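There are structures below to look over.
Paired with subunit B in one complex and with subunit C in the other, subunit A is shared by the two complexes that follow.
Coming up: the complex of A and B.
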C-alpha cells in the first residue's frame, strides 16, 4: 500500500544538514603510557570540517566523504639515555705529555653520564577521513526522529606517517646533545643517534598507534560521529498542521497525525514516507 | 659552566702527586673538609719503595676513585698500592655526577700530601667541558684567564691537533706561568706546583662576574711554554 505522504531531501540538502552537525570549534583529548624503557604523555587537538555526502542506495548507507581533520598531536617521550647508550669515556684514548717533571704523564679521561631526556614531539594533522552512517527512525514521544548512526569500523585513519615523524623529532633532539660533548666526532654522533633511534623504533610505532587511537576516539566522541546513541538528522512532529487556524474559535487548526514513518535512500535522495491516521 | 676548584675534586679533575722519597702512607679519599678527620670513610695504603733509578724514569700509577653507594663514600682502587721512588700517582673519579666533591689526603712517616692544598711536586688537572672565559685565582689571589673555545667552531682535524697537547701551567711564588691560555673544550689543563706547597686553584663562586660566555673578541694570550 503506498504511503500517505513523502518528503525527500537531496544530497546537497543532506550535506548542509550534516555540516551543521559537525563539532563547532576544536576538540581535544589526552593520555599517557609507560613502557619498560620509555614513557610518553600525548594529546590531540583537532577541528573537523567540510566533507561531502554520497548516498548508497544498495547498502542504504550515507557516506560522509573527505571530512577534513586538522590540528596537531603533541607528545613528550621520555627515557633515560643511560639505559640505552654505551658507556663512553673521552678522549677515546688517553692523551700523554712527556714534560711532567721529566716524566711521561697521561691525563685522566672523563666519562659523561648520559642524561634522562624528555623529547617534545609535534605532529601536524591535516587528513581527510570518511565515515558511513546507517539510518533509523526512532519514536521519541510526540516526534518521529530520523537518526544517523555511524558505523565505527568505517572510520579508518592511517598512522604510518606519524611513526616517521616521531623518530625524526627524536633524532633532531638528540643530535645536538651529543654534538655538545667534546671529542665526539661526527661519525660517533651519528652512531650514538642511530643506537638511540633503534631503541626508540618500537616505542615510536606504538606511540603512533596510540595517537591514532586517541584521534579515532576523539572523532568518534564528537556528537555526529559518536557510535553510541546516533544523532538526529530530521525530526517530524506526529501531529502536522495542514491548515492553520485563522485565530477564531470557529476555525481551529486542521491537523493530520502521522502513525508511521519510514526512511530510505532512493535515486540519490533521502526519502521519508509516512502513514497518516 | 665548569666548576673548577682544586679543593673539591669532581669527575673532571685529577690529582697528581710525585713521590720522591720512600715512605708508607695511609690516606683517605674524603668528602670531609680540610682539618676535619674522616669519620666513616675507609683508609687506603700507599707504599713507596726505595729505588736507585733516575728521577725521569718514574712511572705513572692510576688510582680509580669510585663511589660506594652502600657506604655512601668514595673508595680508592686499588686499596693498596706499591710504587717506587720517583713514581707518581694520579687519582681520578670517572663519574661523579650527582655526587659530592672529594679530596685526597695522606700521611706518611716522614711526609704528607693533600689535594686540598697541593705541592711540591704535585699537580691538579681539569678537563674543560663547557666553553667560556674562566677567570681563576691561585691561593685566593689574582685573576688569570683561560679562554675555552667551543669545539663545534673548529674543524675536526684541527681540533684533534689541538687537544693532543695538554697545556701545563707552572705555579711559582703564587703566580701561574703562563698567566693566560686559550684552549678548546675537551682539553685538559695541568697546573703544576714545582717547588711550591699549599697551592689552590679555583674559579671563585661568582659566575656572573668571573665566567663569561664567549664573545666575538677573544683574548689571544701567549702560548704555554
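Coming up: the complex of A and C.
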C-alpha cells in the first residue's frame, strides 16, 4: 500500500534548496583575548556561497560539500615592546675620556624606550568547508518541519596557514619601527625583529586558533548551520487546503489533514511520507 | 534516480488520500451531493435547490424529488482489489474507477401528519461504477488542474431505462468531478514551490507528478 502522500527531492533539488538557505550578504563576528604579554581584538567577516549536497543512505546523513567561505579576518595585536625586548643602547658601551676640571667627555649613546604597539593584521580568507547534518521531523504547532541538525564535529577548518600570515604581518609592522632608531644597523634590526617574533610566536599560533574558532562559531552560528535550533529545510502545514473557499458560507475550504510525517534518505533522495486523516 | 526520476522533485497522493479528500468535500460542501425541489424533509440536511419535475398534463407545481449522490469511492490503477468493476468496465493504466450510487425519491403523494403536510416518498437507488482519466486545463502552464471525466458507466437493475439512466448519471458524476478540481502542484503539500514538468499520471495506486523547483 503506498503512503497517503509522498514528497521526494533529488540531490540536485536539495542543492537548489540549500542555495536558498545561505545567508544573503556578509556575516561577521568579533571577540577579544588577553595573554600575559599580548592582547588582541579580532573579527571575522565572511560571505558564504556555493556548495552542493551529497546524500548518504547508509548513515542517513546529508553532507553540504564545499561551501565557499570568503572574506577577511582582522586583528589588532597589542603589546608593550618594553616587556619583550631587551634594554638596548647604541653604541652598547660609552667611551669616556677624562677632561678638564674633573669632567668627563663621553661618546654619544642612544638608548631607545620601547613603545607599546598595536599591530593591525589582515588575513584574507578563501576556504571551502563541508559539514554533515542529520534529519529530524519536528512538530511545531500547525506544521511538520523537516529539520537539519549540524553535526558540529563534521565542520573542519584548516587554520595552519593563518599563523604564518599573522607572524609575517607582525614582522612587516615592526621592521620599519626599528629602522627609525638613530644609528641602528640592519643586523641589530633583524635581531630585534627576531626577538619580537620569537616572543610573539606562541601568541600568533594561539591567535590563529582563536580566529579559526571564531570562524567556526560564525559559520555554525549563522542561519545556515544553527546547531541548536537546526535549519528548517522543508515545512509542511498540517492542514492542506486543496480547494479554497470562494468566500461564501456554503463553500468553505476543502482540506486534508496530515497526521504524521516521516523522512528518510533512500536511493539518493530525500523522501517524506505523510499519513492523512 | 528513485522517485524523482531525473527531476528535482516528486509528489504523489494515494487513492486513500483522495478518498479522504472526497469525504472532506462531502462534509464541507454537502450541497454538491444533495439536490431537492420544494420543501424536503429535514433528514436531508443542507441541499441544492432544484425546480420540481413538470410533467405534461400534471396539475399543481410539479413533482417534487430528492437526488442524493452516495459518497463516491475512488480507486487508482492498478486498483486495490476492493472495487469489483462489472464487465465490460476495466481499469487500465492512467485510469481511475469510481464507485458511487444515486438515490432518487419522488413525492408521489402528500399526507397530513399533525399540522404539517408531509410528502409520501417512493425511493430507488442506482449503483454506479465509472472509469475515467485525469484532465488538465493547460499542460504547458505552471498550474495544472486535476479534473476527471467518467467515460464509461454502468448501471444495474434498471431494465430498459439503463441507457438513459447511464447518460443522466454520467452527467451528474462528471458535474461532481468537475468540482473536485485542485492544482496538481498542491500535491507537494506546500513544502516546495513546485512547477509540474511531468504528469500527473496514475500508477501504483497513486496520482504522481514530477517537477522542478522554481
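Throughout what follows, the second predicted complex is superposed on the first by the 245 of 277 C-alpha atoms of A that agree within 3 Å, B and C clash if a C-alpha of one lies under 4 Å from a C-alpha of the other, contacts with A are read in each partner's own complex, and residues count from 1 in each chain.
In this section, a residue touches a chain if its C-beta (ideal position, glycine included) is under 8 Å from a C-beta of that chain, and two chains touch if they have at least 3 such contacts.
Just so you know, these numbers come straight off a predicted model, no measurement behind them.
Touching more residues of subunit A than its counterpart among subunit B and subunit C is C. Of the two partner chains placed by superposition, only subunit B is touched by A:95; subunit C is not.
Contacts of A:105 after superposition on the shared chain: subunit B is touched, whereas subunit C is not.
Within the superposed three-chain model, A:237 lies in touch with subunit C and out of touch with subunit B [touch as defined at top].
By the touch criterion defined above, A:255 reaches subunit C but does not reach subunit B. When the two complexes are overlaid on their common chain A, residue A:182 makes contact with subunit B while staying clear of subunit C.
Judged by the touch definition given at the top, the superposed model places A:220 against neither subunit B nor subunit C. Taken together, the two complexes place no residue of subunit A in contact with both subunit B and subunit C. Here subunit B touches subunit A in the complex through residues 11-12, 14, 16, 18, 55-60, 62, 86, 88, 90, 92, 94-95, 97-98, 121, 123, 125, 127-129, 151-152, 156, 163-166, 168, 184-188, 190, 192, 194, going by the rule given at the top. Remark: subunit A residues 89-91, 95, 97, 99-111, 113, 179-183, 185-186 touch subunit B in the complex.
Within the complex formed with subunit C, the residues of subunit A that make contact are 1-10, 12-13, 16-17, 146, 234-237, 240, 242-243, 250-256, 258, 266-269, 271-272, 274, 276-277. Residue ranges of subunit C in contact with subunit A, taken from their complex: 1-4, 6-14, 16-17, 20-21, 24-25, 28-29, 31, 46, 80, 179-182, 186-192, 204-206, 213.
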